[in-house]
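As structure tokens, the structure follows; a few thoughts come after it.
Which chain is which? They are A, B, C, D, E, F, G, H, I and J, in the order written, and residues in each are numbered from 1.
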Amino acid sequence: MSQTENLSLLGKKTAYRQDYAPEVLEAFENKHQGNDYWVTFDCPEFTSLCPITGQPDFATIRIDYIPDVKMVESKSLKIYLFSFRNHGAFHEDCVNIIMKDLIGLMDPKYIEVTGIFTPRGGISIYPYANYGRPGTRYEKFAEQRLFNHSIPINRP
Amino acid sequence: MSQTENLSLLGKKTAYRQDYAPEVLEAFENKHQGNDYWVTFDCPEFTSLCPITGQPDFATIRIDYIPDVKMVESKSLKIYLFSFRNHGAFHEDCVNIIMKDLIGLMDPKYIEVTGIFTPRGGISIYPYANYGRPGTRYEKFAEQRLFNHSIPINRP
Amino acid sequence: MSQTENLSLLGKKTAYRQDYAPEVLEAFENKHQGNDYWVTFDCPEFTSLCPITGQPDFATIRIDYIPDVKMVESKSLKIYLFSFRNHGAFHEDCVNIIMKDLIGLMDPKYIEVTGIFTPRGGISIYPYANYGRPGTRYEKFAEQRLFNHSIPINRP
Amino acid sequence: MSQTENLSLLGKKTAYRQDYAPEVLEAFENKHQGNDYWVTFDCPEFTSLCPITGQPDFATIRIDYIPDVKMVESKSLKIYLFSFRNHGAFHEDCVNIIMKDLIGLMDPKYIEVTGIFTPRGGISIYPYANYGRPGTRYEKFAEQRLFNHSIPINRP
Amino acid sequence: MSQTENLSLLGKKTAYRQDYAPEVLEAFENKHQGNDYWVTFDCPEFTSLCPITGQPDFATIRIDYIPDVKMVESKSLKIYLFSFRNHGAFHEDCVNIIMKDLIGLMDPKYIEVTGIFTPRGGISIYPYANYGRPGTRYEKFAEQRLFNHSIPINRP
Amino acid sequence: MSQTENLSLLGKKTAYRQDYAPEVLEAFENKHQGNDYWVTFDCPEFTSLCPITGQPDFATIRIDYIPDVKMVESKSLKIYLFSFRNHGAFHEDCVNIIMKDLIGLMDPKYIEVTGIFTPRGGISIYPYANYGRPGTRYEKFAEQRLFNHSIPINRP
Amino acid sequence: MSQTENLSLLGKKTAYRQDYAPEVLEAFENKHQGNDYWVTFDCPEFTSLCPITGQPDFATIRIDYIPDVKMVESKSLKIYLFSFRNHGAFHEDCVNIIMKDLIGLMDPKYIEVTGIFTPRGGISIYPYANYGRPGTRYEKFAEQRLFNHSIPINRP
Amino acid sequence: MSQTENLSLLGKKTAYRQDYAPEVLEAFENKHQGNDYWVTFDCPEFTSLCPITGQPDFATIRIDYIPDVKMVESKSLKIYLFSFRNHGAFHEDCVNIIMKDLIGLMDPKYIEVTGIFTPRGGISIYPYANYGRPGTRYEKFAEQRLFNHSIPINRP
Amino acid sequence: MSQTENLSLLGKKTAYRQDYAPEVLEAFENKHQGNDYWVTFDCPEFTSLCPITGQPDFATIRIDYIPDVKMVESKSLKIYLFSFRNHGAFHEDCVNIIMKDLIGLMDPKYIEVTGIFTPRGGISIYPYANYGRPGTRYEKFAEQRLFNHSIPINRP
Amino acid sequence: MSQTENLSLLGKKTAYRQDYAPEVLEAFENKHQGNDYWVTFDCPEFTSLCPITGQPDFATIRIDYIPDVKMVESKSLKIYLFSFRNHGAFHEDCVNIIMKDLIGLMDPKYIEVTGIFTPRGGISIYPYANYGRPGTRYEKFAEQRLFNHSIPINRP
């Protein structure tokens, strides 16, 4: 698999999906497999629907991962995240589903996903999930990062 | 217990309680029990009364936990926190009581609660309590996070 | 009226009121009547109840005024604002009521009141009312400040 | 018209609209018609679709107005703004349409609407429109505010 | 001229120009000619070359205008601004040239252009130019805004 | 009067006063009397005592003035402001007294003094007084600045 | 010792001390001795005198501790800190003295004290001291926190 | 005078002066004399010496001007400002001298200079001077900007 | 090799390269080889081209390294980074290429490179790569820093 | 050695040195040798000269140390840092020299020095060096802090 042969989206007109569409995710091959490194995505324009009230929810989705062979193409990631726009899902489900879909796509060494949702009735929710490939040192690594996770508190 | 059958509050008209009311807390079942993850709540609209002077106190309450089987429903959490509105309790008691009520509700693997109270006479108080389920690795984890806890100092 | 003879509250134990209580407001005499000047109050701990849902609302109340003979004593202002705690009133009513109560107390040359309410369902409301004593240049002044009023927009 | 008789939405379950729906806007009667004052809405969760590419756009919508007899009910405003979610409209059209729909609903003395859209390809767009009731001093007032309008520049 | 018939760029693959290219600018027809309003562009990714040293310069370009009949299409604006990338021009020339090219394209009622250039050797330069259509009230308006222009000073 | 002959304090060991001491203020002659200009002092270390409770109060004192012949020497200003340290005075009195003492010292064309006091019981007070020399255009100028005065509201 | 029987200060008129007065410190009994937790105090209104020049110094004092049986009452802490107001002490002495006085009062499991002093002649000093009860794991804990201590650097 | 023929400094090795050196200032011809516009310089690296104590002072110097025929070349401005490095001058003298030297060099239509000096002993000084060419409308303009000048107050 | 003999660029006129030019990188000898220390570069003016669309990308490039014998000269680093200006490379390739070129130049004990790219279509990408010299303790060190790497999440 | 007998500078007129002058550094005796603690200095007014171009450089110098018997007196530190004002030294040399001079003066248990230099041509340099007394646990401590060192990245 060459780096660009799977890039069906970049540089083309985009078809935005109106429903949850994990099948739009595309991967390309990591050119730097000789060394571990991080890729971080910041996605402040995530929106989904509350499955009970139908009210729109808004979040910044943060994705951090260490690639192995495959890497998610960023335009396909954008369309995938936009496919939650009219999809009903609870906050913690969004974060777990995104993480699992990206694991299915890329089989990364390590990945973590965080959601910073806007407040409702004076309360904000920030779910965080992570994963290290089982049976490798990244599994232990995932446990350590989970233990050390925290989001700074805003002070007045 | 299905995920939604206990959601008596979400999507309905809310009855706000005028007194400390831990019984309003409701839980639903964790759909992602296969992997540990964090849920964080930011609650900047907490208010209680000083038990001696009757003066209102104000705080941001931060709750971070790793669920096991049960998870607190966010609307019931909001009503629970609002039930301190006319209740007399010292700052450090609020934080310890909230943590213990949530442990009673959810039996989480790990939980920590922080209160960022506004200043009185030029002094602010920020209590922090945490808990890991005894006899599990989360107990050790709680000790480590307690040891590493700190709140950044504002500099001019 | 001397400056301190009406100061029944400052330096004494405070009796916090549980209901809307404009009668707690106290005034003292302006010692600097020879020159116009501003007094500004910042009150970030205001809370009231939504008259329909009973849900608590939170705001920063800003009061700016130019005194004539009487000035509101700040501790009585604190107790007055705290008396909205269990009182039902819409956002724009709070701001107009506070302004009118202070006009009744002080008969100031000029006054303006702003409320910066926290968001509900992703929308925040900021009412602003002002007043200049009729038949004086402060009436014209009030009109000009109303025309020039604006609250800066937060940009990401 | 009493203040609350038109409040069909507040305190009830909300039906979110999937299409542009100006008919959801509801008004109530201004209780403080004796004095001019401002009501400001901050709506950081606005989203619409680009009419050509279908790509979602995101904005903070700011609305500032001086009411006459009618005032827009905030929950109906929320549903109205959410009805742009799957509606195609250019940035400057959103701002002008929102302003015109609110003029139709309320017949306010003065209104202005600003949109702070997130960047696309490194460029952000911020439209601003305003209106003063023709034949009144608010018409002149609108011209002056238009002339003085500006949005501060972020500096590194 | 309909609103979209000139939109040759939006939704198509973009050809980025390697030289100063005012001819790429495209306009569409203002749909809201009945009321004056502002359109603001924030362009933090502007870069040009110093005509003497060849060193790259970087700036945020801010454009604010009140349209008459024609409005600049934002994607063509992006390509136009990117065409300075390998073009030699002094800071104050960039700002004046951009303003004049947009006047030539749109014949706006009013326009102003600001450049916030990054520091060189400890000094930053911020040019600002504006224009109101001669013989109209916007000419006077331009003079007033020029007189009132200032950029806030950063304080430590 | 030469510029430096009155500088008894600068470069010498300072004797800090323990009581309100307006007599420590020293002036030197303005070397640039040919043109009006501003001198601004920012004094974030002001502290006084509440005259009723004895509790320390803290403020940032801001002084802005246009000199005529005399200018206040900054080290003498520091000692003067420090002389409020154990002096009982209400917030609005501090600001008016400082302004009047500086008028007595310098006879400036224009002066304004602002106090940004830290909160007590959740309320902050910010007094502002100003003065233009009577019978000059600065008197009118003072009135205009008083009318335009405002302190931005902090938003969360 | 019950929780409130020692609270001689809270809710009463305060007698502010004019000299260093460690005897004003009061303690109450920890109601949550079953679990370790943190109490943090932020005290931005600390002021003392330079023992050589007599010049006032200003600081934010931060206190973080893990209580055992006794806890410092916050109003007594305020009066204690205010008793440095006319007391001569070097920056690092203030921090060490405060820590030692609180150890004497509370015999805590762990405590740390930080001082963020305002600049003098362009240099700021920030002392930090900590303590873990000898012979317990908190002694080791203190060493680790000392080793990890740092205060973030402000960047322009 | 062509635009570049006087640019003796740009692109060459710089000779930094160790003494106050107004003669290093160089000008070039304004290419956009057909329209008034602003050029703003931000110079956060200004340093001079206190003429009495010899202590270094530090400031951000802000220069805003409207050119006529001549414009100051920015590299020569840098060297000029650096020539204060070992020069003794009071804060308000620095600002007035810089303004007068630039008037002598450029004969601008309008100019203003602000100095934001760092604190000494807890007090900061910010001088501001301005100038409009006598006998033109810029003279009146200067008076208006002087009257409207203010530097925002930092609030905690 | 003396410290300055390789400094062919510093103090001379710079020749900016229009193409990817690793050969411009120059090194000098570390004068402090007796102790390990960090050198950090912040480069907010990086720009490259998307290899598929040709669209310019913008980033802040951060480089942190511990030198051994050779250190990169900062002016040559600037020219090197500017040589990506018209070069097509994906975000993660830029970061890996820069790191590898600097390893080739300096053979450092440790190095890490981070790219903070501006958003495209609402998504930002931040790659991070690091390296410790194989067979030394820095190799283990690199692994630990990789495991601990994270970039704080912006919260509204 | 008593604490104050070496304080030749505090409270006296200061003689600022025009050349690199490590001999001005003075020490006093640590009064709290019974417990390890940190002293941190923030020095935002550091300036030196580039040894090749002569151009002034500017930095914030941060010094953090754990004293043993001797401590550096802060006024002598100020004069020492000011002695770099007309001294030619590269960025990383300044940081290493300051650290070594302070080691020579104080023989501290641990010390670290950081320089946050302002940008030149769009690149900033931040050197960091540290030291733990050889043969003690502070040597190992220094290695750990070196490994964990990082300076947060500014994000837009």
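Assume a contact is a pair of C-beta atoms (placed from the backbone, for glycine too) under 8 Å apart; a residue touches a chain by one contact, two chains touch by 3 or more.
Since the model is a prediction, treat every value here as computed from it, not as a measurement.
The greater number of contacting C-beta pairs, out of the two interfaces B-G and E-J, is seen for B-G.
Looking for a copy of the D-E interface in B-G, G-H or E-J, one arrives at B-G, which has over half of the same contact pairs by residue number.
We define each chain's centre as the mean of its Cα atoms; on that basis chain A and chain E are separated by 36 Å.
With centres taken as mean Cα positions, chain I sits 44 Å from chain G.
Per-chain CA centroids place chain I at a distance of 27 Å from chain J. Counting partner chains per residue, chain D has residues 11, 13, 44-45, 53, 55-56, 58, 118-122, 151-152, 154, 156 touching two or more of them. On the chain G side of its complex with chain F, the touching residues are 13-16, 18, 44-45, 47, 49, 53-56, 58, 82, 85-86, 118. Of all residues in chain B, only 50, 52-53, 92-93, 95-96, 119-131, 146-147, 149-156 touch chain G in the complex they form. On the side of chain C, the complex with chain F involves touching residues 4, 7, 10-11, 31-32, 35-45, 60, 62, 64, 66, 71, 74-75, 77-78, 81, 114, 116, 118, 141, 144-145, 151-152, 154.
The touching residues of chain F, counted against chain B in their complex, run 44, 55-56, 58, 118-122, 156.
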